[in-house]
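Comments concern the structure below.
Order of writing sets the labels: A, B, C and D. Residues in every chain begin at 1.
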Amino acid sequence: MLKTYKKLKLVNKTRKKTQTIINVNGSKNKIQIGGENLAIIAGPCAVESEKQLDKIAKELSKLGVKILRGGAYKPRTSPYDFQGLEEKGLKILKKVATKYDMTTVTEIMDPRDVKLVSSYTDILQIGARNMQNFPLLKEVGHTKKTVILKRGMGSTIEEFLSAAEYILAEGNPNVILCERGIRTFEDSARNTLSLATIPTVKQLSHLPIIVDPSHGTGEIDLIIPMSKAGIACGADGLMIEVHTDPRHALSDGEQSLLPKEFAKLMKEIAPIVEAVNRKF
Amino acid sequence: MLKTYKKLKLVNKTRKKTQTIINVNGSKNKIQIGGENLAIIAGPCAVESEKQLDKIAKELSKLGVKILRGGAYKPRTSPYDFQGLEEKGLKILKKVATKYDMTTVTEIMDPRDVKLVSSYTDILQIGARNMQNFPLLKEVGHTKKTVILKRGMGSTIEEFLSAAEYILAEGNPNVILCERGIRTFEDSARNTLSLATIPTVKQLSHLPIIVDPSHGTGEIDLIIPMSKAGIACGADGLMIEVHTDPRHALSDGEQSLLPKEFAKLMKEIAPIVEAVNRKF
Amino acid sequence: MLKTYKKLKLVNKTRKKTQTIINVNGSKNKIQIGGENLAIIAGPCAVESEKQLDKIAKELSKLGVKILRGGAYKPRTSPYDFQGLEEKGLKILKKVATKYDMTTVTEIMDPRDVKLVSSYTDILQIGARNMQNFPLLKEVGHTKKTVILKRGMGSTIEEFLSAAEYILAEGNPNVILCERGIRTFEDSARNTLSLATIPTVKQLSHLPIIVDPSHGTGEIDLIIPMSKAGIACGADGLMIEVHTDPRHALSDGEQSLLPKEFAKLMKEIAPIVEAVNRKF
Amino acid sequence: MLKTYKKLKLVNKTRKKTQTIINVNGSKNKIQIGGENLAIIAGPCAVESEKQLDKIAKELSKLGVKILRGGAYKPRTSPYDFQGLEEKGLKILKKVATKYDMTTVTEIMDPRDVKLVSSYTDILQIGARNMQNFPLLKEVGHTKKTVILKRGMGSTIEEFLSAAEYILAEGNPNVILCERGIRTFEDSARNTLSLATIPTVKQLSHLPIIVDPSHGTGEIDLIIPMSKAGIACGADGLMIEVHTDPRHALSDGEQSLLPKEFAKLMKEIAPIVEAVNRKF
């Protein structure tokens, strides 16, 4: 075990002993991820319309959220499901984020889209299905954009770190890892959120790591407790799906919190954030 | 999913809405599990000798631990590994616990041993390998002893609750569940500790549930962070392996904390315990 | 890997180079398992009544089946499901088998039942949930009865062989292994039948190994193809659930073949049996 | 389960009842996959040099192999491992295949490479890591090239069929599925080859499906038995890694057969091929 990890040159903690703190490029908010502050990323699974995103962003902004997520290119199991608004979605995301002074995250799936997507958003997200999409990893490695790299649902931690190494090896050190659950036989939730990934990554790497309890569980009732648990064991942030009308969401409605449920989350995690000596 | 669960009659939260608080039988310490107090169970994997157990119990006792674990019957993968001291081990456990005024937990594997083991210890533990050993579940169901039932490493949460139902159905309501990790493809730790089990069980059942991060990870460096995470998401207690000489332990040395490491654990979990409004 | 296996003394192929052929004790049929003949074990999941078993045994007998399975003690997930007819079931099994001149297999779960069950049946089966029920393994190890040991659904091949070692170490060499599927994320069938277990066991051990495609898939339509595959890669036999009225079976009806479906199986596997130079 | 599958329009057997037989485009060999003939695809993991590939192709050709595999773009866990010869590799593959009159298969990872790779090779392979690389699926869907789509190691059968639907939905009906093992807790082999996928796919879809026992097990000694098993349960072909110098192979040497081992495979599978009424 860890034979591959030992040969990595850039992600290893033995090579760089201090924890990496990422200053999100070009963000007026001066967002730092990996330091004292706990990063809160929230928003809908997909950008559906300006009206939808504005409504959600308004609520999130009031609750202190500074990083807005929203997908314009959606990796859907079926080709007949909503595939995202593409560039139109990126424009909406940028417009709404500007209005509420928020930093943006959106998923990218195609190496040919890196330039276009980078021109609209602050942080590029590589989803679980693309964790080992090596041409895409190399392409985002050629930029200086902050990248959130999600763990593949069938990938080991060693493969996860090796995927991050692909980005760093191309010259982009701004990588944030994200644990989002793995596939197991347990069928009471959509995925098994493996929180031991957090301290394991902290021992092996200097890169920040956040948790996505929305995809990591797929169950609304598990999101708050797993958010608390993730923070308690050292996560540098949370990524949460929020929607004002989950029942009519075009994707992942069943795991999206309402703004009032998200407000409850923010309130309930506060004592844990304090207990681990971090700030919002 | 949950088709079997819905037909259960005793473990379901819909049948009994208040959280069960277990008063450990016959314990002078008035131990309650499932209420405001966080239960801390600690001790070696196996009782090896009176000297060994005394040394460990002394240290644990100083740190405020009131429940001492120690195996007399050990379920070992190989028949050539140390199988436990059996009745001699039970006698040592009782003697040492009495000296330090501690409550005891020990594993039971054979339905024929229930009477004997019950005569020496306060809490009976049914290990992961025996979660669906139905004759054993029925036999402990005939007593009023507190039972810690560990989740099988290849068992679903629904099967876990159904196994508890076997005990309750025989007349013994004193069951504490224990999440101890499941088998997955992830090979950086011995098991994948599935903490979502805690809030899932809390939604489905009124029974208390604790976490065993020692078996749940098999990695010393993961025990403290996973203890914090378990408490943060609602666990009613922790079960931790502690040994004064892990390198020479007759079983599970590689995942046993030294007393000073365990003292660090107690210190580090304190702010989380407070943050979730519980007490030691 | 295989660190534990290497320390085993009796199951290893390096210790005993010739393939073990088991002569089933006391069987008038002179059943041999592990040699040139492919063993076919068939029957209902549970013995429900004399009438039910007689009907099934009659059909199987006509099709050339010499080993009849039928459970009298059933390990059921829920305590409220049919638990088996117990001794009454054993009596029916013996009576019916005698009538049709068949050898019998039945599951045993409790070490206290070994004597009783042994007095009625030819082969004792230890089910997946009890693969690491060490007191039970030791108890059947004290007899000379043929034992079918099923692989636990969350157990590795190394643990499987180590469990067999427990039986051999007590003095009983008559162990037949049985692959019956493992737990994975794949949800299109009840279990993932891992056929690589067959050649892996053949390399590591001299013990015979059979396949149970009924439990291994839980899907009627997969039983014939997986039977063929199992024989093709070296299995020494098959264990198949057959019922004349699956829709009203008291357990596992959804994966039981009708006698005519079983007849089709026998016909379809014949060319494969011949292709691997074996006989029925 | 199968909720997504039921909404698919093109891969379902209910939509097209006859089994699809694929005539590989532009191949002088008139290769058909999915019909009476069993397809044998063999060759090295990676094209390393003309000399290496020529040596291997010569041996395979003598053994009757008509489809040569060889990677020019290699998806490697670490960025520091051999990444393939890229276009130079494609040129070698074409040259050698022409010399021995063989049809070619090579992996493609980047949607930008579809044109280039298509100009050199007959069949495009999409690897396990890219099973849900939707832009890549769409791009190969715009061609009429035969595509071998490998199952992701953490993907369900339903997701596998949905990924194929992406290709068909863009207008390319020439898709061959390939089972290559999934990730499970079992650690005695690199993957768990789930052969039940073959009959399951045969029931759900009209598309051909082959088996890759080289990646599916990662163990030389398991390749022949699992090839037999795969054919016995209905696979339309095999994909096997062969190398004349596995110890010095630049990737996957440990699971590559020597030509003489491959010759043994061809000989040993012959009776099974006949038993299932197929031809080479």
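By definition in this document, a contact is a pair of C-beta atoms (placed from the backbone, for glycine too) under 8 Å apart; a residue touches a chain by one contact, two chains touch by 3 or more.
Everything numeric in this text was worked out from a predicted model, so none of it was measured.
Looking at B-C and B-D side by side, the one with more C-beta contacts is B-C.
To find the repeat of C-D among A-D, A-B or A-C, check which pair has over half of the same contact pairs by residue number; it is A-B. For this pair, chain B with chain C, the centres built from the Cα atoms lie 34 Å apart.
Centre-to-centre, using mean CA coordinates, chain A is 35 Å away from chain B. One inter-chain figure worth recording: chain B and chain D are separated by 48 Å, centre to centre, where each centre is the mean of the chain's CA atoms. Among all residues of chain D, those that touch two or more other chains are 154, 158, 182-185, 187. Within the complex formed with chain D, the chain B residues making contact are 154, 183-185, 187.
The part of chain B that touches chain A in the complex is made up of residues 1-2, 154, 156-158, 182, 184-189, 192-196, 198-200, 203, 217, 219, 221-222, 225-226, 228-234, 271-272, 274-276. Of all residues in chain B, those touching chain C in their complex are 4, 7-9, 75-80, 109-112, 129-130, 132-135, 152-155, 158-159, 162, 165-166, 169, 182-183.
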